[in-house]
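After this come two complexes, each holding chain A, first together with chain B and then together with chain C.
Showing the complex of A and B:
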């Protein structure tokens, strides 16, 4: 396993299109619920333990070799908002294109054939980690980190928040992020015996509800 | 009741509904003792109507309740509850557990519309609702959670809702809130200070042919088509009354 491969995959400059998404931060800023570093931290913490945990478990399970179609269906069931399902598939398609160019592998080719419209991004992330020679813990860490780094970066642009403050938020969440990644891997290991019901299903009602409103805005800075 | 133990009360109520062959629905099984008592009441519409009466308070910490309903082919059943369910602290530190299992066969239709679940201060409850539907089954299911009675702090509540149609999971959602829940539950991504949260799931085979488009229903509610012949209304509100109004409005849009 190469530690440098993890840095390549987790790098914000990895060309997978994530920068166009705010993870719900744009809608929360507009609603007046994110106004500075403290409320951003609260937002990110809530997202980490819900959407972040689910994404991390899906990614870890994919990295462990679970059936991608089953994981993709599990992601659908855990993403009631069609706007968020569409965003996850779009991001999955972009990530798959970048990953196939970076770590060519028959596994990634097969997923591209199986999901012409894109698979959920965390599933692709886990498969990309596997193709890069990384393990389930790496995939879970990547997914959990993305669940908070996206909103933090977006809020810098949306609120002109000091980038030092945004990075401070991410650093303070680091210990919780490790715990979320660990419990995601633990759940992912149970998928082989128990099926995808073993995956966490933690939900955030406001992220789901606000995503639909956000998708209907005529003008927005971020795609989701 | 199946028994009172040092750790809490065990209670199990069962309902089986069967088409009676004359256009009505019979209830060959309708039992429950202790904490949960299902009672057949006069039905105003087609099908049978059952009210679940809470014969004891609770669930209290350490209690384990199970409520199951099975609808055989062509049966029609409406289940409500006589009052809100109030989760309260128990004498033990254990969590209470409440499991609802619903099985709906082809051509059967279940309306599962209990009153709110209120997580009183100091309570700790894990509730699961799992609906298994055949491809030709219909369902209207409402769940409402209220965090604390008026003016008190919420209890700890984890609620998982799973809906499966023809063996395929179309909805799996778990909400965890209250003291001791994973961080950020009351923050801007999850509940943002709202104290009432609810879901309305409607499953109709015809949604497979004519999907319902997503609709934003004001500030805290949205109606969304799931990845299957089902629709979910998700809503948050400051209190139980306003939550019910949002879900009722959404339900009217689907008729």
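Showing the complex of A and C:
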């Protein structure tokens, strides 16, 4: 494996559409739940241990070679909000395009054929990691990191938050992020024997509810 | 290399001139420029001028609303299924240059849904003078500025003014009211752009969008040649 490939995949500038999504931060800012660095950290911690953990486990399982269709169905079952399912598929499609151009592989082409309108983003992330020669731990770390880096950068734009404070939030979450990635990989390794029920199903109901409301806003900066 | 056109391959990656079924995709023209310079009005006028002779569609990139798309729908310049809005997360230039994936999907989905298409116009959200389209997204780009934004803009240059395939100086009818010197704007633009074309237009004049439409026809002829 190449450590540099992990940097390419995890780079916030990797052109896979993430810049247009806030990971629920826009709705939380408007509701007054994120008002500064401290509440951003609380929001991100909650997202990391729920949506982030699930995404990391899906990505790790895909990187280990589990069936993408099964994982995509498992992601559906773990995402009650139709708006979030649609956003995840849209982002999965965008990531697949970027990954196919970056690490051409028959495996990614097959997924593009199987899911012309996109599979859930974490599943594609795991497949992209695999195509890049990376392992399940790398995929899990990418997914877990994205689950908090998206809201953090969105909040910089939404609140004019000091970007150094937002980056400090991410740095303080790093040890927890490592533990989330580790437990995600542990669960993903059980998928081969136990099926996708072995994957975590942690949920953040407020994220799901707010995503539905946000999708109906006539004026918004972010797509989700 | 084996080219099998009987079974659709996976979706195209980027600027491939052929669609998965082997047919030629639509010409894609981007329209960028500062806020309020008349991009949407130019797109609407182009649709009216070209819709009877071409199969065309529009992608808008609104910054925080769907207003541009809704304006085009309200004006009924095209049937609704031929107009799509892309959300850009507060960064219009990112969506047309640095991370074009959402726009590529929008143009491909339009071709799948209402194709075959001859032309897709991709309108950027209003941005600054450095905003340009990626070559992976569009085949040619138009930069729209207006006389009321200051007649020193062509002299200041910048990537949009200097490198766009067509520079449009819009709202020439306002020049006397805002004290803009059209001759100076044209001369400055010429100095910045050498042989690249410049159109001065007022959509309120009888001539309207005719010069830009003629330029689009020329690009289309070259694309399909």
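Please note the rule applied: the second predicted complex is superposed on the first by the 224 of 224 C-alpha atoms of A that agree within 3 Å, B and C clash if a C-alpha of one lies under 4 Å from a C-alpha of the other, contacts with A are read in each partner's own complex, and residues count from 1 in each chain.
One rule holds for everything that comes next: contacts are C-beta pairs under 8 Å (C-beta built on N, C-alpha and C of every residue); 3 or more make two chains touch, one makes a residue touch a chain.
Note that the coordinates shown come from a computational prediction; the quantities given were computed from them, not determined experimentally.
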- Classify the contacts of A:100 with the two partner chains as first (chain B alone), second (chain C alone), both, or neither. second
- Task: Give one of first, second, both or neither to describe whether A:50 is in contact with chain B, with chain C, with both, or with none.
- Result: first
- Message: Just to be sure I read the superposition right, which of the two partners does A:116 touch: chain B = first, chain C = second, or both, or neither?
- Response: second
- Query: If you stack the two complexes on chain A, which partner ends up touching A:13: first (chain B), second (chain C), both, or neither?
  - Reply: second
- Looking at chain A, does chain C or chain B touch more of its residues? B
- Message: Applying the document's definition of touch, where does A:198 land relative to chain B and chain C: first, second, both, or neither?
- Response: neither
- Task: Using the touch definition up top, name the residues of chain A that touch chain B in the complex.
- Result: 24, 28, 31, 33-34, 39, 42-50, 53, 73-74, 76-78, 80-83, 85, 176, 196-197, 200-209, 212-213, 215-216
- Item | Complex interface listing, chain C residues touching chain A | 9-11, 13-14, 63-66, 87-91, 94-95, 98-102, 104-105
- What residues on chain B touch chain A, complex-wise? 160, 162, 168-176, 182-185, 187-192, 194, 197, 214-216, 220-222, 224-227, 232, 234-236
- Query: Which part of chain A faces chain C closely enough to touch in the complex?
  - Reply: 13, 15-22, 90, 93-95, 97-98, 100-101, 109-110, 112-113, 116, 154, 157, 218-223
